[in-house]
């Protein structure tokens, strides 16, 4: 009983220590996780017969991993990276953002900001097992349905 | 008594002369005012439970003050700054500009100019007690209704 | 004795728990800290009689706070922001980076990358009480000696 | 027997004809090769205790694969990509290019072109077994000596 209380006290004190640091904590994707996600996305693309570009950004929206499949569109390099960045910039699936950016929509033409955003499907936030957003994935080269499904498959692979 | 009237007349005439001179007067927001506005906007955001980025530009549309609340969207940094600049570029609330930039609108796609404009709500001109535009404020991170209200609250704080 | 051992065990187990999460942890400056730093820098500038722009970026090199003093150079807005970003991009004081970027230096012309870097004094990393880099500060508008000293004063203010 | 020889001769002659045709053949790195190279580079970096960003571009100087190691400099993302591109743009090791870009050098300030080049060591062309340039690799994050060695190790991995 005593030992349990002591452990609880220790946990509490450690909690205080961590809590009393003002610094804000950001959970971030690791390089190993990013590669695992990229390869899971590639395998899904192969399964679908799609040729895509795969971009992973970290919690700071900075490029963490990238793979371009042979024969995929050259123009999809930038689209894939921008999809991943857009998704993390606003913590949203790019297809959902696109619903708000149409003419007369709430965020019409927001794509002009941040050096260019992409607001059609294929960008998805990546969450860790605790639900923290740790990065995002962007896929470009297939149909938007394929891109979105590949992105989801990739994002889920962090939990494996 | 007479002399006082004459002096007043002289002052009035001199005022006319100076007023008609070529030298242009720019009324400009001060750093102290900009900070007061930014903090008033932040307090309003806290009251609303919104996490926003707050940008203040001066009469020259140059960044004067900026605050990013913890946990606000990364993509909102640029959106907030562009809202403030857009508002001062055309001396208009960004939401009002947006009515003119829709397909078939008078200013369709003007968002492509000036390195990127934002034309949905959240950017508001800042006027001094004489009604002179001395800068503008841009808010991004909440709903567009919240952003607009926070911007208005901030802009009014110059009069306190 | 026993209780000490138990506490040590608890600390060890908690360490394991935190360690077993794959996600990488980034310590990040808070908005409150950023503002405190910016104001400390401004006070130092006033004391020196310098008119400067003050930019604070977070651990992700994204703008967190900004103040422009009245009468400071317009061109210093971008210089201050780029100094802060440069300092965090490479976790270095910008003046130190500049020693490596001269003709025949190891990093000659690295200023062409990352959308433009600044490699003369005035940018300084910000470290928390545990030595973690949580952001950076950039100052522009005074002499480079003034800018550097103001930046140092600002960066230290996080510990107050 | 005779007919077989004749057929072989015909095939040989046709081969000559096609070989001398205008159609240009680009030998290009594959996605699989790019990943193998990136991982070989990463292993070399781990061996050296360096934290680097690794970029591979194809024969068209377009990004093919990218990995960012945990804790590497944020500013090295762009430097690594620009090193790879620079190397393929001029089919040269970036350190060699740097000898020509110094003040009074033949190519002084060529770093200003192509959206920004990097002319210090860490970028190396990738050649296939026939000596054809099929891409390039760029490394950034360690010392320039480490970056260069890691790049060489990566580029050689295509032959394994």
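The letters A, B, C and D name the chains in turn, as written, and every chain counts its residues from 1.
Note that in this section a contact is a pair of C-beta atoms (placed from the backbone, for glycine too) under 8 Å apart; a residue touches a chain by one contact, two chains touch by 3 or more.
The model shown is predicted, which means the values in this text are computed figures rather than measured ones.
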item	value
Chain separated most widely from chain B, comparing mean CA positions	D
Centroid spacing, where centroids are CA-atom means, of chain A and chain C in whole angstrom	26
Intercentroid distance (Cα basis), chain B paired with chain A, Å	34
Contacts with 2+ other chains: residues of chain B	70, 74
Contact graph of the chains (line, ring, star, complete, other)	other
Contact pairs between chains, per stated definition	A-B, A-C, A-D, B-C, C-D
Residues of chain A that touch chain D when the two form their complex	30-31, 34-35, 42, 58, 60, 62-70, 74, 77
Residues of chain A defined as touching chain B within the complex	24, 60-61, 86, 88-91, 103-104, 106-110, 112-115, 117
Chain B to chain A touching residues, read off their complex	70-71, 73-76, 78-79, 82, 98, 101-103, 109, 111-112, 116-120, 144
For the chain C and chain A complex, residues of the former touching the latter	2-3, 6-7, 9-11, 14, 21-30, 32-33, 59-62, 128-130, 132, 134
